[in-house]
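In what comes next, chain A is part of two complexes: it sits with chain B in the first one and with chain C in the second one.
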Partner chain A sequence: MARSTKGSGPELRRTVTPWGSFAWGYSDVGADIFVGLGLVLAWAAGASNVAFLFAGIVYVCIGLAYTELAATYPVAGGGQYFVMRGLGDIFGFIAGWAVLLDFTIDVTLFAWSSVDYSSQLLPALVNSIHPWLHFTVVLALVVGLCILNVIGVRESTAFNGFVSALDVISETCILCFGFLFAFRPQLLIHAMHFNWPSPYDLMLGTSLAIVSFVGLESISQAAQETQRPASIIPRTSVSLILTILIFALAYSNLALGLAPWHPIVDAAGHAQQFWQIFPHNADNQGKAVALLAAQVPYYGAFAALYVPVLGAVLLLISSNSGVFGSSRIAYAMSSSNLLPSIFQRVHGKYRTPTISIVFFSTIAIVELIFAAAPALHPSVGSLYAHFFHGENGLEFLADLYAFGAATSYSFVFLGLIALRLSDPLSPRKFKIPLNLPLHVRGERVEFPVIAVIGFIGIFSILMFTLRTHALGRIFGPSWLLLGLILYLVYRAYRRLPLLRSQQRNWRAAQVDILRRAGELELMDEYVANLKASDARRAAPRT
Partner chain B sequence: MLAVRAVLAGAMILCGILILARMLASLSAGFAVLSGVVLGAALIALGVHRLSLIARARRMM
Partner chain C sequence: MIAPSSEVHVTVAGALAAIFIAGTVGSTLWWMLHPPSSYVQLIAERAESDLERMVGSLIVVFSPEIDSAHMMALAAKLARGERSELLALYVIEVPYTLPPDAEMAIEEREALDALGAAETIANSNNVTIRTETLKTRSTKQAVLDVAKREKADLIILGSFREGKYSGAPLGRTIEEIAADAKCDVLIGVEGKHGTLLIDESAQASSQPI
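Moving on to the complex of A and B:
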């Protein structure tokens, strides 16, 4: 973690440029389509583009909410901080704990998928053929990333930027060649008319589509390390949100309407559409973008060689962001007395939060064991088939990923609404559009209609997840319950309020946040707003 | 560099307009075009956003 020891305590350096901020988010969220595309095509079939559309619209609302909050409160705590400030400590803990679930899943899921993409060039790594080798390589990657983070090696912003730029160019080329030479609208309409999924599968597909849009915490993490974040973050975030949405919608439409460059036939020798290679085939689901790229005319000959490598690298960067992201969120939660102070402890030699990194990496390994178990041992496989609809490892991880994201994002929307009502004086350089003017406690506030729409959307996805994910609905709530017990025990031990919030001086905190961010004009504006508000309140009494 | 970025942003807007026009021309296909309409609109929005950033950068030079 980049830290300096100026002032009262350790603090993150503000050295991230606008492109660096975009690349940071892109390497986090941009990698998701590599995982999500195959899973959604497998379940939502002819309605995959609709599943992506629904999840994409919800994602735009979430992205706008994060942009406003990160620009107003540029601290690394992200969703957990916004919710704690808006709704109180216990809800802040729940949101943060759900984000921590996502970060640990992120480590395993993306390391798993990175190996799946590698298997396109190295068939020995195919999970269904060599499950133990696949498991061992994923485990080695998770352990390796843990060690790298403990000794303080993190991929540089420049490397992130380079890989992100390469991926944007690569995806644009794949889509251009695909739409120009292989896209047949009649195939898309045929797939939508004749392969429309059942309502259950559509709900499952839609909840998996949100997997393609997870990682917006990176916006707030970038805000903490960007100079003048209130000005920079909205510019880069809007580009990021739209880029990811465009890729997701374009890929899903192309996949449904793609006339394969090389004929695809099933076991009986019948010609298949491209998307039909994904249902009931976990190996293909894990490397969908590489398979699609190889089927794009002309460019596919070249893309088949480099897309698996590019995908594997991008996914590994995303996996790494899970390792340091979890330790960073735990650090922030610990600073707010939501988690024990042990998660703030920094290694004497390496200056990294070693305990935090090792703790959450161990959880990631436990999740990996649960995910890999059915493939590794037939008796576990039959157990999963009996109780959990035979979910494969990738689906298990995606289940929990969707649950964690939907839970934390739901709270972030509520936190945004609460902060608009309770903290109208903080200057907001970026506001999500569509607001209703109201007067609350003598202050003029703007009620965010988009946040309500977004909340309804993400809450629906949470319900879809609970309804359709056999493992997610058990492990997800169990994770939250376990966390709540730990939280209550810790708060009781520290003699802090259990269900109520600790007293905090948010005014002083906000002045400090804006000063540290270099937003001195906003700080002055905030102080002036406070004085004017206090004068208004004092006026009737004098 | 700004000129190249402006051309790319212009191309994005053009692609968006083409997709939107094709989708609106095929409204008879019903629900199937909805995703394409949003895709076209998102491309136009991103292009316009990029152009506004380029214009701001030019003003600051």
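Moving on to the complex of A and C:
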């Protein structure tokens, strides 16, 4: 009698199409520029485009690394899985824990920015005027998203795809009309020449620019549900990298060289350039794209009405991706014995990881309180001004976001290098360019030079973050330390190796991953590579 | 400092940047949405295009020997999905002992029932259907002639009726049509639905331990 070759357990259906995969990433990364642009213009001033360029180069390296890894290992764990497989359990935990920090920040930061964008049409929500109302609405959004995720209601993939498509078209229109009607090269040169920031501010601006490129993790997380991931993910990742890079560079250059449609003047009545409305103005920093869109001749009249709404929706989707992303990562880490099994527990009625969702949403609320505190109470404000250079709420959240991203990305680069050396037999349908051929333990391997360049870049951004972000350098490492203690206590309790890794059969796991991914040709190639490698090793003995 | 101007005028650099942005974003997304097909997808695509070629025009054949009522329901669903043309053909074979236009009241009454049922099935599936009754000396030749006239892509036949065994497992007429047709032929032999597992389990339980 014929037997089914499939396992008895249910498998995730592969329903994510190329556009779905792109939209999954875009709803996360695409929203970043809405937050990052104002912050970078505020600090990097005339060098904002340079800050974005530097962060963009690092981001391209990160994107290429994620693309290769997600196409080679299409599993749901994302960065922490790659690092765990390449460097071992404890490093996998650190990378995953840093990503978890990013996801919790993601919830608060994007809910905060969503309210900021809404304030463009609803002035009652302006943070500097009504801080308590702003705080209450952000809190309500975070709690609301938490409840929706607990009861299992999510925006559909189709809605995600629709909003992403609308946003790509919208941003392309803003930039095209902006460059066509309002770009003055002499203003750009003037801003760069006369408003070049100090090295400290440039470092700060560059570390904030990386905020505009965080979220590639989402594509690799959806790898397990993507159709033909090894073929589709390289395309969607490369397209996402290019689109976001073009948008970020174009926005920063346009902002510096924009001749505003409605003249901008300072308190003394002097004409100002567009980018000058951002330094020392947290309200403007939170809604930079909406302000820029409104200054584009002709198109701005229309854009002023819909961009705040579109931005608010996209940011809310991104905030929601933080809620379910954190529970998803925690679930994957728990499955690999990196976190307690309580994070895998599914609610009996709603079939959602309730404990995980509530736990990380609570952390997001704690972060919100820290971010909003200086605006809510003057004494806390003066405390922040004294100890933390007076960072505002948005900057505090962006600090931690940059810290978490830079930490996890640093480990992903190291994981990539380690996997190239330790697992050369896995077929790589996409490979980062610029590789050095080497021989390690009898196998031909290719050493990724780009990964080294990327690591240096992201590590320098991590150093910039620690150097320039007063709050980030305290809270970021504290988060990692807290996680490490939790990890060691859990591993000791479960009598698992503390610093070493658990024994795993990666060969069998890889065959299973490729079979489940539907990449049957790659599975055949991998099995053939294994046989050839075993034969080579056995040959000298016979 | 240089005062920003509120006047609108297009610069070469700005226009080039706008074209570059629109072109790059558009072409990148187009490239992303058109990945090459895998081997498995190519097989599936070929089968899909074969199906389109196969089901443009359908003929469901009835006769006193061929019971196609259950295949009519399948044909109607297929025709609805693929927007095919559907013809229900009832063939009455006139024996050589009778003149070609001999009246065959019982068979003609059966034809009305069969084609009426076919129309009902088609209507319930929201499909347009044509019906036709033919008297002929050879069912096979009549079916092949109609198929040629209609430029049919698929002839659908049911199973031969019990008690009319003609020396061929599927019925001689059905096998001859399948052998000589210049288009695809779908033959639906009715089984005893739901008995497969019962039979197997009964066999298994009857085996000695």
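Please note the rule applied: the second predicted complex is superposed on the first by the 531 of 542 C-alpha atoms of A that agree within 3 Å, B and C clash if a C-alpha of one lies under 4 Å from a C-alpha of the other, contacts with A are read in each partner's own complex, and residues count from 1 in each chain.
The working rule: a residue touches a chain if its C-beta (ideal position, glycine included) is under 8 Å from a C-beta of that chain, and two chains touch if they have at least 3 such contacts.
Bear in mind the structure is a predicted one, so any value in this text is a computation, not a measurement.
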Which of chain B and chain C A:112 touches, first, second, both or neither: neither
Which superposed partner A:192 touches (first chain B, second chain C, both, neither): first
Which superposed partner A:239 touches (first chain B, second chain C, both, neither): both
Contacts of A:181 with chain B and chain C, given as first, second, both or neither: second
First, second, both or neither for A:57, with chain B first and chain C second: first
First (chain B), second (chain C), both or neither touched by A:49: first
First (chain B), second (chain C), both or neither touched by A:263: second
Partner chain in contact with A:250 - chain B first, chain C second, else both or neither: both
Contacts of A:22 with chain B and chain C, given as first, second, both or neither: second
Superposition-derived comparison: chain B or chain C, residues of chain A touched: C
Interface residues of chain A shared between complexes with chain B and chain C: 185, 235, 238-239, 242-243, 246, 250, 253
List of chain C residues in touch with chain A within their complex: 1-8, 10-11, 13-15, 17-18, 21-22, 24-26, 28-29, 31-33, 35-36, 38-41
Residue ranges of chain B touching chain A (in the complex, touch as defined): 26, 29, 31-32, 34-36, 38-39, 42-43, 45-46, 49-50, 53
Chain C-facing residues of chain A, complex: 18-19, 22, 168, 172, 175-177, 179-187, 190, 194, 228, 231-232, 235-236, 238-239, 242-243, 246, 250, 253, 258-264, 271-274, 297-298, 518, 520-521
In the complex with chain B, residue positions of chain A that touch it: 49-50, 52-53, 56-57, 185, 188-189, 192-193, 235, 238-239, 242-243, 245-246, 249-250, 252-253
